[in-house]
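Naming follows writing order (A, B and C), and every chain is counted from residue 1.
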Amino acid sequence: MPMIEMRDVCKWYGPTFQVLKSCTTAVDKGEVVVVCGPSGSGKSTLIKCVNGLEPFQSGAITVDGIEVAAKGTDLPKLRARIGMVFQHFELFPHLKIIDNLCLGQTKVLGRSRAEAMAKATALLHRVGLDEHADKFPGQLSGGQQQRVAIARALAMDPVAMLFDEPTSALDPEMITEVLDVMVALAHDGMTMMVVTHEMGFARKVADRVIFMDKGEIIEDRPTDEFFGKPRSDRAQLFLSKILSH
Amino acid sequence: MLPDIDFNVIARSLPYLFRQGMSFTLTLTALAALGGLLLGTLLALMRLSTLPILAPLATGYVNLMRSLPLVLVIFWFYFLVPFVGQVILRADRPVEVGAFASALITFTLFEAAYFSEIMRAGIQSIPRGQLAAGYAIGLTYWQVMGYIIVPQAVRNMLPVILTQTIILFQDTSLVYVISITDFLGAASNVAQRDGRLIEMYVFAALVYFAISFSASRLVKSLQMRTAIPR
Amino acid sequence: MNYHWNWGIFLEPSPEGIGTYFDMLMMGLRWTLVTAVLAWIIAVSLGSAVGVLRTLPSRLGVGLGDAYVEFFRNIPLLVQLFLWYFVLPELLPKDLGNWLKTLPNASFWTGAVGVGLFMSARIAEQVKAGIQSLPRGQSMAATALGLTTAQTYIYVLLPMTLRIILPPLTSETLNTLKNTSVALTIGLAELTARTRAMQEYSFQVFEAFTAATVIYLVINALITVVLRRFEKAIAIPGYVAGT
């Protein structure tokens, strides 16, 4: 059974503007899927539907067998099991790094402070930021903040991770440090759905690539196929634009 | 159960309430807003200048006014203005100033402090490049301020200026404390005379609400429309 | 100028028979402070609640919050105090109205609650603006972690909002203090009222008003210093507003 499954997901802003048009796809356990496409293609909206941050009007999404949009679904509980990393990090500026990692653990999962601290410390070590535990987000570089944000999501022991353009707000020299963490995570077998323009990352770790344009999934194919064989004109145009520099 | 309510008392006193009361309130509001804006702009320019005595003087004045309750300031000027008039006119006794003049002087001087803060923020929001560009075409400091900076500042700050004027409109009701017949004063006079406190005060509240609310709506739509395209 | 200055007036006994004129002003100051403190508590608690309400994804909540703010913002404070003091007791059921009218220190309670409600609308505006100035991603990130709406506000949005709105909150606090003087119109013997009484008894207009002015300036300065300290104490290292 797939970890994330979407069937015919449609979403409108207002009565006329359709952002998602019958999007259907699935992500298996341990699979890494990269979602790409021009800006405004609906890719960010699509992954925000997965944990119910964006409501959708028709279709269905299940995560680990649970219907996201079903009436009885405990959304906070479901969201706690799906990690999410944002373009602008969204660390909580008033909390120390360590407390950013503990907030969800103690308030949502009900872990003890000691347990949460142990988990947080271990994760900070994993992303190479042990010595920054007592700093505030504003005192770290963008790359460091994004690594903290990944650690914060991992602290909840998620069954899957969503990445919404995790490197687009970073200065070029900081992109690698974040991608390295993500690559390691993929190799550890994490189920990942990643919206990104980093095609190097896609080639290296993605099992499949989804290409979206104007709210539609145009291509959804294994990575090698996507980059290798003939493909749709729109995907070709997109790739030529972002690979040319 | 409701006490007996007599709406006729309102109808009967409408001419008095509006022709005397409201016209006093509106005239006072308009003139004090204009005077306060002019004086406030001057104070703002003084504060932003590097003039040795004037700058700190303006700052001190603004801070003083903003620290005091308006009621106290109204009392201050009510008693102070006649003495100042005496000194200026070299009269041998304190000068009698009419109720309107006294209120106008008070509100102009008081509001100037608040308008000066608005104008200071407005002037500071204009990019430094504008000043440089003005100098570059040969204008003097006062010309640059008068033709380039202040007009833009007023335009940027217009919604805030108008909102402050609505506050001023409401604040003029405080002339009640020196027994002047503004709109509230008129309503209060009728209320006391006829023993109709409920009707008159509720009516006064409704009128103030209607005017302030519609004015603030207008300001809001103005704000939408004039959001400066950049 | 034929005004006779007499700064010694403060040490002379007031005709009310309880201490000097100085004591009289101090009693007024006490009422000013007590009224301001109660009004401030009402203003901040109600204002925060209404401000939060106006940011919730509930049309009814937003509508109610907006109506609340418009009501208290568009009627002069003086008129509001008259409504609470003269009109409200008449419109209530007879027993309740009589209880209100005979309440000891009625002008104090009315003044404090009236100023508090008036100021709460302005604080609600600040709180709403503060919350809306936070990046939308903040509440998304909190939601994505599984926090409920209430938890998102308590642990993420409000701590930041407090820091953002402290400077305007300081000036609203000073406004609360200043606005208590309006309650003299419903008979509260606060500082400005006592100053006026001193002037009427003693004819030393300018000494009395100068004293009141100095007292207001000192209280203003104290409040400002305390709140600045608080602002510094809760400032976040490395955080620059708007980034």
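The working rule: a contact is a pair of C-beta atoms (placed from the backbone, for glycine too) under 8 Å apart; a residue touches a chain by one contact, two chains touch by 3 or more.
Please read all numbers here as calculations on a predicted model, not as lab measurements.
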item	value
Reaching chain C from chain B through chains that touch each other, fewest steps	1
Chain centroid nearest the full-protein CA centroid	C
Inter-centroid spacing, chain C versus chain B (mean Cα positions, whole Å)	21
Intercentroid distance (Cα basis), chain B paired with chain A, Å	55
Centre distance in Å when chain A and chain C are each reduced to the mean of their C-alpha atoms	46
Complex interface listing, chain B residues touching chain C	1-3, 64, 67-72, 75-76, 79-80, 83, 86-87, 93, 170-171, 173-174, 176-177, 184, 197-198, 201-202, 204-205, 208-209, 212-213, 216
Complex contact set, residues of chain C against chain B	1-3, 70-71, 73-80, 82-83, 86-87, 90-91, 93-94, 174, 178-182, 184-185, 192, 195-196, 199, 205-206, 209, 212-213, 216-217, 220
Interface residues, chain A side, partner chain C - complex	48, 51, 53, 76-84, 86-88, 90-94, 103-104, 107-109, 135-140, 149, 152-153, 156
Complex contacts: residues of chain C adjacent to chain A	135, 137-138, 140-148, 151, 155-156, 159-160, 163, 236-240, 243
